[in-house]
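Next, two complexes with chain A in common: one pairs it with chain B, the other with chain C.
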Partner chain A sequence: MSTQIPHAGPLLDVSGLTVDFRTLAGPVRAVHGVDLAVMPGEVVGLVGESGCGKTQTCLSISRLIHPSGRIGGRHILFEGTDLLQLGEREMRRLRGARISMVFQEPMSSLNPCLSIGEQLSEPLVLHQGMDWRQAGRHAAEMLGRVGIPEAKQRCREYPHQLSGGMRQRAMIAMALICRPKLLLADEPTTALDVTVQAQILALMLELREQTGAAVLLVTHNLGVVAQSCDRIYVMYAGQVVEEGTTAAIFGRPEHPYTRGLMRSVPRLRPPAGSPDRLESIPGTVPRLDTPLPGCRFHSRCAYAEPRCSSEPPEVRAVEPGHLSRCHFAGQLDHGGAPR
Partner chain B sequence: MSLPLLEMHDIAKWFPITSGLLQLHTGDIRAVDGVSLTVHRGETLGLVGESGCGKSTLGRVAVKLMEPTRGHVRFDGQPVDRLKGMELMAFRRRAQIVFQDPYGSLNRRMTAGAIVGEGLHIHRLARRSQVRDRAAELLQRVGLADTDVARYPHEFSGGQRQRIGIARALAVSPELIVCDEPVSALDVSIQAQIIELLRDLQRELNLSYLFIAHDLAVVRHISHRVAVMYLGRLCEEAPRDVLYDEPLHPYTRVLLAAVPEPDPKVPLRPQALPGEVPSPANPPPGCRFSPRCPVAIDVCRREQPQWRELAPGHFVACHVAG
Partner chain C sequence: MNAYLSYTIRRLVLTVPILWGVFTVTFILFFIVPGDPARLIMGQHRDPAMQAAMQKQWGLDQPKHVQYWGFLKKMVVLDFGRSFTTKREVTQSILQRLPATAVLGLPSLTLGLLLGVAAGLWSAMRANRAVDNTIRFVTFSLVSIPFFLLAICLQWLFGQHLRILPISGYINGPWGWLHLVLPVFAMTLGSFAGLTRLTRTAVLEVLTEDYIRTAKAKGLPELVVVVRHALRNAMIPLVTNLSVSVAGALTGAFFVEAVFAWPGIGLLAVDAINNRDFPVIMGTVMFGAVLFVIADIVGDLLTACVDPRVALK
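For the complex of A and B:
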């Protein structure tokens, strides 16, 4: 959080992103007009509950969504190039080199038939034209840098011989080996134990300092974003409902959904005076295969007024850089107590 | 204090490792290796630990879904291992379990009403004609609609399925419910609903919970006492606030320091924890945490630490603590 963000344009600029899927039950719009920017070297959190579209947003940036899906929107500018206009061959040149990915389940995203060393070397051979021997030496060095002991020996081993934490370290090493500008990390610590999670988060932030890579961190864990992100986007039912700096989102959440989310998380060290009962958000997330007039959160919202069920709210700035998709953004605390 | 409802004494559960054509017995996975604990009436004992520490195995032994390799379970003063026939039936009614996976633990070919009503049939707690009404009542009690009796599991969300699992456990009016990671598959806003439902039911019905989870914040919220498990053994047990505010075992401290708080003003200061959890097939001698422990001394690597009561109700298995 102390890093200097250089005063230049964003590294990644996503505008009006939509992702549509054809399903047996009919078309479903999983992502509904997402605007998102990542500055060089910045760690940006994309948070929300299951089905909110955070993973599809992340996958569309690397154009890795399921073949039944369609990505649309104004643009996905990465270093000034519109990824929506690129062909598959050009995308392949970017993936693993300029943009790389870390996924939730390291076992299913590593190839069980290739040794760790081969998998780490491959991007260097493909993108930088190294020979396999030279790439192998780099791979061992990178494995050492992510904290895997006896890296040379480990390079000869296969994914099943490593523990979950070690596999995720190997994934991160593979993702960073070509020194990408952007790391897309989709729930990188969700499958890990809490002590391992703390180590992996620390490792990602340390490598960010060393390599200058920006990180888009997708997670449902509010603790993880609070501890690692510079800025946060909160998603609900396919839309970004709030965006702001980590301090602003946690200090003065402006969207009723963000507020509800924060109050429903039990705390390890509850602040003095916090209520004994956890607040929960009533009801469930709306289905995306039916039309959703008005605000997508209105049926669960404690502040909803009649207009919320018919008029979709626009994004409003509460203060510079802090935006909320709510008719009453900036006025929640002045309109009386929530009902 | 009165007689505990559940008493587990020196429980071990070893799973044999066999290999080769002849399936020779070559060793044992010591999933649980000498654990004693008690749960009193109306109380929640939280059991925390990381994956593979044996906490779920211990939960299954508690409700006799598995027989222990060693040790005894007593329920309401009665030894559970010798129960047969009607007595075993009675125990099955009084001790229930709620599982983690709300998808895998419900039969997809049965309606919610049939799932909840099955226990009523088996234990003859309702006439055939009343089962459906009673199931509808139970579904309403856990926050579903009475009309949901006719719906199938796939028609419900994850949180709603977990409610069905809770209604199924409640149907037979149990005294003890083992909750094995009941909220870890759920989203946070739904998780809060289920936690508060379990707390309300406890107050109303004087239920006892053995609440097994890896999420330390959730366990703090719901438990009266908390026990911490590592590699098949207990490290520490204490009243809830004592354990979280004054942890004594080095592993408990490492665990608590690793939890990221949802507040950027509380910075994460994880303690370095070298190495990995050893295999439960070949646990280290002495204290099981000693190879990774920041404060281990010679004796820790030789001798198993005693389970010592350092303050009233605060037990620690550590040579160094206190």
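For the complex of A and C:
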């Protein structure tokens, strides 16, 4: 199989990904031509406002979107294999073994009727052919490694007996127990207390370093991506609008939406002269069930020109590896000043 | 295990007032409904002297509160007195007919449960497809048709029309079990339909839960996801409502035994009601109440087994 051949190039290469839903109100295109790549061992951030399609992008990589949805696109290459062409059986062999997921809600993402140990053991029994005893020992060990004290005892407990932070630790342990190559983490810290968030994030990154997994980290928290990601994709209304290294995105954001997002991050020490009020982007996300001519951001864009409402912008490289979907990418600061 | 035992004991103690309530209501109902059992037994030949003598013999001439206490006191030691019509000990009659009812009820409840859960699961896994629509149509029809009508239709189809099965009664002998087929079938259909619908709804609800997505993300095959992760959670409302299913089965037994002339406790009760045979009515009602209460306790114990979040208090 192709997975045995050492594979140079990206671990994950998503091209032209679309996700369509049929709803009672009509068709909805939740993801609209997303290109995205993750290199082996890399931590990649996927950020954007609520509803921009982050979760659907993530779920369609492991082909777990709601049955009413359809995944389309050129390809989703994982270790060189096109996941869009795989049968359900082969796909199942990858899930939990080479591609794992961590979800937002640690409360509801664990089965209330199965013990933590059973749930952690399941992937080992399934993918590595261990018996339940052996898997149980590994599960306890893994639980210890994610910083849960008295792991043996905890294995026998049920999700409701653990705190939210503990549960998310258990989720992470479960996702990494088969040493996957890719971890899809959909807002892994959003539902947690602020104090616990940092611990969980640190834990994830530490384990990632130990296991060598690449991470696609979905979040709407720019602080989280700034701390942990090598590269960032910014999504808006189902599209990637900017892509670049963390340094590039934070240092020289080249899409008006990214600039808006940055300004809406509260700062501890606002630069002198700036208003101390949190500046959020005015307006709302456009509806995805109607055709959107022109730039999807134009109704909210401070840099918009007349052509923006009719002519959809192409993706342009501002510098190698730094792309922006804006007519004025690279010239925002020289062209029209923000109104 | 200790928690289970002490819980059971506490619940059993709590059933005493429930049973007392059932007794009181039955007693009141019996005397509200007009009609004198002695008069009924004599039929056409009315003889006031004999009627009075019978009433005296059964204690029906005494003030109501005296009768009430008399019955209640004897009932505590499971003595319901003798039947007005057959003169036999009520407790004896019930025990004697218990096997007939059990031989009908246990297989049909078990079959109904197994088939109902399986069909409900299948239906939920193929939601809104042909299989599901068929199962839903059939079970909906079964639930909507009055039970006795269904039983009579079965009698007509297999007994009159196809002439392959006996339509009623209970006969010992090598082919005696054939008499079981139609009544068991009728009763199974009844519990099957209800349980299929319950299971389908419960499984469909559970399938939308986040932990089902987690299970799929582990790479588990659909059947494992449904059986290990969904069915277990979907069983919670089912076992919690075990007493409701048992109550349904009891009502079913009542009709089935009457229609198929099956000499079980249901038929005993039907005959007793027709004859206004108070001791037998009370005996069978209390028997049903005890069964119901036990099912309720067992249901709670099972819920605590299945759902780790439930602690027995």
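In the analysis below, the second predicted complex is superposed on the first by the 324 of 339 C-alpha atoms of A that agree within 3 Å, B and C clash if a C-alpha of one lies under 4 Å from a C-alpha of the other, contacts with A are read in each partner's own complex, and residues count from 1 in each chain.
Rule of thumb we're sticking to: a contact is a pair of C-beta atoms (placed from the backbone, for glycine too) under 8 Å apart; a residue touches a chain by one contact, two chains touch by 3 or more.
Fair warning: this is a prediction, and the values are worked out from it, not measured in the lab.
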Partner chain(s) touched by A:T211 [first = chain B, second = chain C, both, neither]: neither
First, second, both or neither for A:H220, with chain B first and chain C second: first
Contacts of A:S309 with chain B and chain C, given as first, second, both or neither: neither
Contacts of A:T23 with chain B and chain C, given as first, second, both or neither: neither
Touched partner set for A:S100, first chain B, second chain C, both or neither: second
Chain B versus chain C as contact partner of A:H160, first or second or both or neither: second
Partner chain in contact with A:L261 - chain B first, chain C second, else both or neither: first
Touching residues on chain A, where the partner in the complex is chain C: 62, 64, 92-97, 100-101, 103, 105, 108-115, 122-123, 126-127, 158, 160, 171, 174
Parts of chain B lying in touch with chain A, wherever the complex brings them together: 50-51, 157-160, 187-193, 195-196, 214-218, 220-221, 244, 254-268, 270, 273, 276
Partner chain B, residues of chain A touching it in the complex: 1, 49-50, 163, 165-166, 193-195, 197-199, 201-202, 220-224, 226-228, 246-247, 250, 260-262, 264-271, 277-281, 284-285
Of all residues in chain C, those that touch chain A in their complex: 209-211, 213-221, 228-229, 232-233, 236, 306-309
